[in-house]
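Both complexes shown next keep chain A, but they swap its partner, so chain B is in the first and chain C is in the second.
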Partner chain A sequence: MTVQEFLQYSILPLIFFGITAIQALGLQLILGGAGLLSLGHAAFYAVGGYSAAAFTVYAAPALGLTDPTLLMLLSLVVGALSALAAGFLVAVPCLRLQGDYLAMATLGFAEILGTALKNIDAVGGTRGFGNIPKLSSLPWVFVTLALVWWALARFRRTGLGMAIQATRDDEIAARSLGISTYSAKLSAFVIGSAIAGIAGALYVHAVQFISPDEADFSRSVIIVLAVVIGGMTSLSGSVLGALILVVVPEALRHNDTLREQRMIYFALIVIFVMLFSPKGLQSLFMRFMPKAAQQRGGTR
Partner chain B sequence: MFDLIQYIFDGLAVGSVYALIALGYSMVFGVLQLVNFAHGELFMVGAYFVMYAISLGLPWHLALVVGMCCVGFFAVAMERFCYKPLRGAGKLAPLITAVGLSLLLQNLVQAILGSNPQSYPATLPDGTVFGFIKSLFPPVDQVTLPQLPEGLFDWGQIVVRHRDLLIFVVAIAVTLGLELFLRKTRPGQGIRALALQPNAARLVGVPFDRTISLTFFIGAALAVVAGLLQGMADNQVTPYMGISSGLKAFAAAVLGGIGVIPGALLGGLVLGIAERLLVGYDLSTYKDGAAFFILILVLLLRPQGLLGKARMVKV
Partner chain C sequence: MNSTSNHGSSEFLLKVENLTIRFGGLVAVQNFSLRVPARQIVGLIGPNGAGKTTVFNLMTGVYKPNQGTVYLQETELTGRGAHVIARSGVARTFQNIRLFAGLTVLENVIAAASWQRRGQSVASLFALPAVALKEKKLLESARKLLEFVGLSSYENWEATSLPYGLQRKLEIARAMMTNPKVLLLDEPAAGMNPTEKDELAKLVRSICDVHGLGVLLIEHDMKFVMNLCANITVLDHGEVIAVGSPLEIQKNPKVIEAYLGAEETTGEGTAAASGQGSHS
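Presenting the complex of A and B:
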């Protein structure tokens, strides 16, 4: 394989990696940041994707917008806002629930949303929504990933970011310090959802197609895997997790047996991580890094 | 009007299977406040196990008992090695582990036995770990499941199939048996005591670990019964049957009141009937969303479920 062929081949996997990483960063804020397990993260991604696609396909021609850069930027905003709104609608009732119930309620919302999408004909129903203009590309995905990453890293050091982490560590203590734990959780949830919506907007304009399967439970599980495998408590862990989840199947594409069995190993890694190394694979890698690098990137 | 009654009768069979799975969720949640996400997979593994045992020539009742014991012990081992070390580590860790376990079992069964229910065991490239596991199972030419009774009760407008009735009766009998066990026997009372007040139960001498193991064992055994019934009703078993039935059964358990035994039965039946009604009135595309719609409605309006009592959480 020549270098050019390799590069050409790598574009799509790289786009998928970038999009998965953005999704994982969003969930990291909810799962690792606020300690809430959302099993419906893919639903917000689908909401963002569908509304961004509907915007460029239906609304943009009506408004007379043609500039691709402007259109893409607007569709990112549309994706983020719609997912944020969806996240808000889900979070307001669900955050009254504790741990396990919350996971199930988010899962339930995702399933309902998938069912609803299958029944909306304007966006293709079960056939999926096609013919979306190609607006995003590898640079778009990676610039957005970098921006999201940077913004989330900054966000952690703000008052709200700290409040979210305090709520995760000890809700009662946080509340007695005067932190509104409800609004801390709510903001983590809606911001995480909005980031998923951004990923969805990037996805539909790169692949030019989206189907209700994107809201599926199995997609949500993939994002959870990425966050947990990499290390729930760190941003770089989520990106690492996304890298593992996307690159491993690609690397195994010549070995069908292993490729089909990859979910077994991912599941084993998740169980292993939860039982023995709660900080994820990222912490294992950190152990082998030089001291200086550890001090720079090792803290959360 | 007759349509409605007919749909309700049809829904009872589906609902009974949900109910049997829901009992396991309910019991485990009762003692550990843990949603055993892998419970649906125990149902699936059980269905495979019993089907396999029957295909090897065991009579179905023996196969069922062997399956209940094996899957039961498997569930006990699962709790011992995967959930027990995480006790006291918060709620998130066991929940994620459970999701991992569910994924593991699903994909493991698929890798060993193939995703196609007909070609069983699947033709898998040898020389892998899973090829080795597969070679431990003697090959089976024909998968045979015992036939459910074929007949019908025909009352003019309303027709009830014998098999639906059988499944319903089994579910009722199992629930009654379980309720009796929990109320009248010592180990059963231990489970209830643990669910009510873990610390007080330990003080009066309820063996904590053993009681939890017993809870997992019973839950898994009931899931195996559900697996056999479902397998016979559909005449097939797939690696993915656990995830959808499992999630719906969880919804049923919450609907009835999680931790309440008759609640699981009621929840399962209501859910089964609701799904059948949607199919009957031409809304079958909404069928899979129905369980979750009900789940969310219950969580928001009456989190303790239909038959549950609200409990205050102390800080």
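Presenting the complex of A and C:
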């Protein structure tokens, strides 16, 4: 295989990796940042993807927008805002209540969304939404990934970022310091959902297609696995987790039985991580790194 | 105490009247009243399970009282959300230390300024000059508070890896970062050795004298309480059995009986209760 062939083969897996990494970064804020369990992260990703696609396919021509860069930027905004709004609608009633209703509600939302999308003809129904203009590409995905990563790393130091982490660690103490734990959790959830929506917008304009399967529970599980395997409390861990979850199936591409059993291997990796490195693979790597590098990297 | 004065008398920072709360059949606190003036340390003592921590929880909005009122100067706080009460100027520490385990020592203090930074997250994300000065000041005051409690050299430690006594001091620094008018301390000397207790006493003194706060102090160490407090309220089975100066309290037969009674009848029981209650 020549270098050129290799590059050609790897473009799609690299795009998938970048998309999964962005999704995982969004979920990391929800799961590791706020300590909330979302089992429907892929559904917010699908909301973003479908909305962004509907925008470029239907709304943009009507508005007379043609510039591809502008269109892609606008579709990112549409993807983010639609997923944010969906996240808001799902989270508000759950967070108002005491107890862990969020996991159930997100699961339910994913089911409802999947069924709804299958029945909307304008976005292709069960066949999926095709003929989406090719606006994004590998560089778009990686630049966005880098920006999201950078922004989330800085976000931790902001007032809201600190409030979210304090709420995760101890709600009673957080409230005793003037933090509205309700707003902190809601903010983490909607921002994480919006990031999933951004991933959706990038995805649909890179592969020019999206189907209701993207909202499926199994997709959400993959993202949860990426965050847990990589290390819930670290951003680099989530990217690492995404890399593992995309590379492993790709490496098994020519072996059908192994490929079909891939969830078993993921489950084994999760058990391994839980047993030997509860803070995720990222922290396992940190242990073997020189002290100086650890200081810079930080595990939080 | 004269009960005829209106709410909002500025003599007292914190004014609590007739607080009552029931948990199912148990009346945990009944008709509890107390006042905390500025620049004074008020003591709240009583045997295990008397209801002291519950009083703190009622004043800080963790529990809503069945009856009674809580005022901070002119502002009524009764039944309001815990974060609203904190923002109005009532800060506290916890008997079973509640630090943020995922954050460093410095971050624990900075986290207490979160609400003061609200609405600025986008600006601080991009390090805009508009907020740079304010953030620098917050960092400075966080460091000053760490210095004040003697934790400067532990800035980057994981908060929960500190020794017990230092964790209690960190909780004090964190509470003070909210710029409170009144500070409620729930057994701050628990688990400290005599030298640490002396240092802590000095610290609490200067919170009062230098920072001008009113302090309400729950403490089992009688020497500690008697030395620091101008005024002491004694609680037993949820009810106030005595109010007065340290000398008056020490001589009060009801108080002596409550403490002796607790020792005689529940010599084992008391130890067990404090074992489950306080050391988590």
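Keep this in mind: the second predicted complex is superposed on the first by the 291 of 300 C-alpha atoms of A that agree within 3 Å, B and C clash if a C-alpha of one lies under 4 Å from a C-alpha of the other, contacts with A are read in each partner's own complex, and residues count from 1 in each chain.
In this text, contacts are C-beta pairs under 8 Å (C-beta built on N, C-alpha and C of every residue); 3 or more make two chains touch, one makes a residue touch a chain.
None of these values were measured; they are calculated from a predicted model.
The superposition on chain A brings chain B alongside chain C with room for both. Look at A:116: by the touch rule set out above, it reaches chain B but stays clear of chain C.
After overlaying the two complexes on the shared chain, residue contacts for A:67 are found with neither chain B nor chain C. Of the two partner chains, chain B is the only one touched by A:39; chain C is not.
By the touch criterion defined above, A:217 lies against chain B but remains apart from chain C after alignment on the C-alpha atoms of chain A. More residues of chain A are in touch with B than with the other of chain B and chain C. Of the two partner chains, chain C is the only one that A:166 touches; chain B does not reach it. Looking at the shared chain after the overlay, A:97 reaches chain B, while chain C stays out of its contact range.
Smallest inter-chain Cα distance, chain B versus chain C, after superposition on the shared chain: 7 Å.
When the two complexes are laid over each other on chain A, chain A has residues 172 in contact with both chain B and chain C.
Chain A makes touch with chain C in their complex at residues 151, 154-155, 157-163, 165-166, 168-170, 172-181, 233, 300. Across the interface of their complex, chain A is touched by residues 29, 33-35, 82, 85-86, 89-93, 95-97, 99-101, 103-104, 106-108, 111, 124-125, 128, 130, 243, 247, 250-251, 254, 285-286, 288-289, 291-293, 295-296, 299-300, 303, 313, 315 of chain B. Partner chain A is touched in their complex by these residues of chain C: 60-62, 81-83, 86-87, 91-92, 94, 98-103, 107, 110-118, 120-121, 124-125, 127, 174-175, 177-178. Those residues of chain A lying in contact with chain B across their complex are 31, 35, 37, 39, 93-94, 96-101, 103-105, 107-109, 111-112, 114-116, 118-119, 172, 217, 221, 224-225, 228, 256-257, 260-261, 263-264, 266-268, 270-271, 274-275, 278.
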